[in-house]
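In structure tokens below, several structures.
Look for subunit A in each of the two complexes below; its partner is subunit B in the first and subunit C in the second.
What follows is the complex of A and B.
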């Protein structure tokens, strides 16, 4: 639903969007107040179309500079969560700003806002701009004709005013962000693909036990390099990274290559599926040996029949690497779709940048 | 001249219906997306005899339990039960595939 809402033009700047699902923050990419709610609140919204909520504090994450080739919104997200922790933005509404954010497509912005809640944020949001308007224009439920012009004028006024004060400010440099992979069972347990797994002595005491347990569950050893870790299967899809641009990024790596391991590609919606097929992306995936299936949450949630078997290691473009998320005993490594594609080609965790020569 | 505002403040003010003494706000919801997991909430309002307040702003999507293969004949009974429940709660089937609406607005999906 976090793919379909925007795709249908239901998600518009300035609106409030609720859903009984954590990753509702996705819609914030449009300058929307969007957050997940619990079952009791869902009933409240059904009955009253209103929701009780305490206003969170404001936090701005500014990412200046530009991302290198093979580095995406997923890496910005996993990067800041690894740096600040899963409670790094606790109780805050995160607004993303800066040149690297303005340079992201709507797909990338949705990925970033989607993952905001994994860093503890209540909302993730990005001010609407020309990129936003170009995405929305002409969609089924988008304003049309004169209403469109009025809407765009209103939406331009939603951005934070010059000089507005935030309760917290974080500044990141896009050029320092590398393709990032999770190694543990929490999204904050993430590192650049070029890194080695932390030794017990590198970890703050408060997080040491969690890290030890995570390494044990994941079947990994402290100090080993991430790159080269043998992977059993791959998954590309989900509301985090199941959009057309995600599939294009994966296909760019897989084109003309064979996957060494099995894998599943599930587009985020029927519309994404149709577009990918029109562009021939499905044939790139199937020629590589991956399965091209229908849309849905698929292997991200482990409740629709698509599962990772016990003890198997999956390179996955999804949002949560909790124990058992993709199936009992499943070992999940979160990464961008391009990085998943690289893992498919080599059968190991791999720096996708080495497979992009002549392709970007 | 008023103080510069963050986007959060602007959006919050635009949706705030009232604020309780303890500082918690009641906010207007423009779009409510529901899925298979929303069945507890539907059961709760049914129990109290309440209708869906704004069906035109409520959109149902099957995603969590949507099988990615063999969708025309779902073998797993737990999965098909979850999907059927959402269909019943959404009111009516709009077409043969997984497209439902809650009294009024159709949301195409999957």
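What follows is the complex of A and C.
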């Protein structure tokens, strides 16, 4: 749904999109008002074509500057969630703005908006611009002919007003964002790959017990470096990072290399799968020793039998490192697809920037 | 759905923060028909050992029949799965008291008659300390937005429209269909002003 809706041209700026899935915020990348709802609310939408919603507070996350090589939308998302907490944007609709956001592809914008809910925001949005229009144009269900011109004119009016006031403003510098990895059991427990795990004394008292429990569950020790942590398996896929650009980023790292550990690569849709195969990406993954499997949620949510075994450590391009998410006792580290590919190559948590020489 | 305005029942404390939806009910149980009841899967991996037996020291296992949970902040964060609410309701839980809730979880709770009672962090800690690993009766007054546990009293916050729904047991679909004429008029207007938004199928 979160991959297919946009690629079919069904997700358009200015629409209201609801789905019984919290990652519906993905569609906000198009300037769409999109949010996840429960099953009772889904029935309400189907019965009435409307949904009750309290007006959320507004929050703007502005990311200025430009991202360095090997740094992606996933790292922006994990970075702000680590800074503000998993309930940092609770009750808010988030608009992402600034030069670094404008510089993202639609795939990157979808990754960023997708992860809004991991910071507590039901909505994540980006004002539509020429990048948005170029992505939509010509897709199967996109407006055509005169309707296209009218639509674009309408969509250009969807940006926030100059000088608009937000209930909360957050400013980030893209040049300070490094490839980021989660170390715990909540997406807010994330650090740059170059960091060491926090000591008990570094953690605010309110979060200390959760951190201690997370380290115990994850089989990690306070103070150890993230880089070099031995990983058992990898997973690339999900509605967060299963799009063609994600697979290209992972393949760029894996090309001509062997994975030291097993793993799955699950494209986000049948269309992504076909495109990846046309580009030869599947052969890069299989030559590296990874399994190229069908599209779907797969190992992100441990629902269809693609499980991580108890106590095993998985480098994963997914969205939640909750206890048991990928299987009972599974240890999940969230990171970008390129970072997952780097972990596959070395068998450890690795700074992908060291594997990109001659490749970017 | 039956409405309610006061509830008295046994409370237990789960002091952890961020009890997310994957912990409330792991996804692997969500293909079970609701008619079978989701109660056995509530907090499955927290309250059961690897063989599926109840852990003796887990508060909910110690106090069968508890109907109120006092939890840490950000309860129900994560997924939109309404199954997280079904698991609580089917296990007999009527009220969850916490400093904050996942937004989607809170909406889902109200749609199933479960009260997400938001209280101050300090009051939450007082309740948790009063309970420890034990249980005590708690009384919750929806209209007054107040609760009482022994000598501890506290107020909680709840959106007015949500309180009205819980007290009356109202179903949103019935309420919305009362606005059918206005909805149809709006749809008609939008059809004129944003014709591009109406799907006439692919070429």
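Assume the second predicted complex is superposed on the first by the 360 of 360 C-alpha atoms of A that agree within 3 Å, B and C clash if a C-alpha of one lies under 4 Å from a C-alpha of the other, contacts with A are read in each partner's own complex, and residues count from 1 in each chain.
Convention: a contact is a pair of C-beta atoms (placed from the backbone, for glycine too) under 8 Å apart; a residue touches a chain by one contact, two chains touch by 3 or more.
Quantities reported herein were computed from a predicted structural model and do not represent experimental measurements.
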Worksheet entry | Combined model on subunit A: subunit C and subunit B, fit or clash | fit
Discussion item. On the A-aligned overlay, A:298 touches which partner chain: subunit B = first, subunit C = second, or both, or neither?
Written reply: first
Worksheet item: Who does A:192 touch here: subunit B (first), subunit C (second), both, or neither?
Response: neither
Worksheet item: Just subunit B (first), just subunit C (second), both, or neither: which does A:147 touch?
Response: second
Discussion item. Just checking: does A:48 make contact with subunit B only, subunit C only, both, or neither of them? Give me first, second, both or neither.
Written reply: both
Worksheet item: Between subunit B (first) and subunit C (second), which does A:22 come into contact with in this model arrangement: first, second, both, or neither?
Response: second
Practice prompt. Could you say whether A:120 touches subunit B, subunit C, both of them, or neither, answering first, second, both or neither?
Written response: second
Item to complete: Give one of first, second, both or neither to describe whether A:39 is in contact with subunit B, with subunit C, with both, or with none.
Response: both
Worksheet item: Counting only touches as set out at the top, which of subunit B and subunit C does A:159 meet: first, second, both, neither?
Response: first
Discussion item. Between subunit B and subunit C, whom does A:306 touch in the aligned arrangement: first, second, both, or neither?
Written reply: first
Worksheet, complete the sentence: Distance floor for C-alpha atoms, subunit B against subunit C, superposed on A, in Å, equals 5
Worksheet item: Touching subunit B and also subunit C: which subunit A residues?
Response: 10, 14-15, 20-21, 24, 39-40, 43, 47-50, 52, 54, 56, 301, 303
Fill in: Of subunit C, residues touching subunit A in the complex
16-18, 20, 22-23, 26-28, 30-31, 45, 50, 73-74, 77-82, 85, 100, 102-104, 107-108, 111-112, 159, 161, 172-173, 176-177, 179, 183, 187, 194-197, 199, 201-203
Worksheet, complete the sentence: Residue set of subunit A touching subunit B in the complex reads 1, 4-5, 8, 10-11, 14-21, 24, 31-33, 39-40, 42-43, 45-56, 58, 93, 95, 123, 125, 127, 157-166, 239, 264, 266, 269-270, 293-298, 301, 303-306
Worksheet item: In the complex formed with subunit C, which residues of subunit A make contact?
Response: 10, 12, 14-15, 20-22, 24, 35-41, 43-44, 47-50, 52, 54, 56, 86-87, 90-91, 117, 120, 122, 140-141, 143-144, 147-148, 150-151, 154, 186, 206-207, 209-210, 213, 301-303, 310, 320, 322-325, 328-329
Worksheet item: Of all residues in subunit B, which touch subunit A in the complex?
Response: 4-12, 14-15, 17, 20, 23-35, 37-38, 40-42, 44-45, 48, 50-54, 57-59, 61-69, 71, 76, 79, 97, 107-110
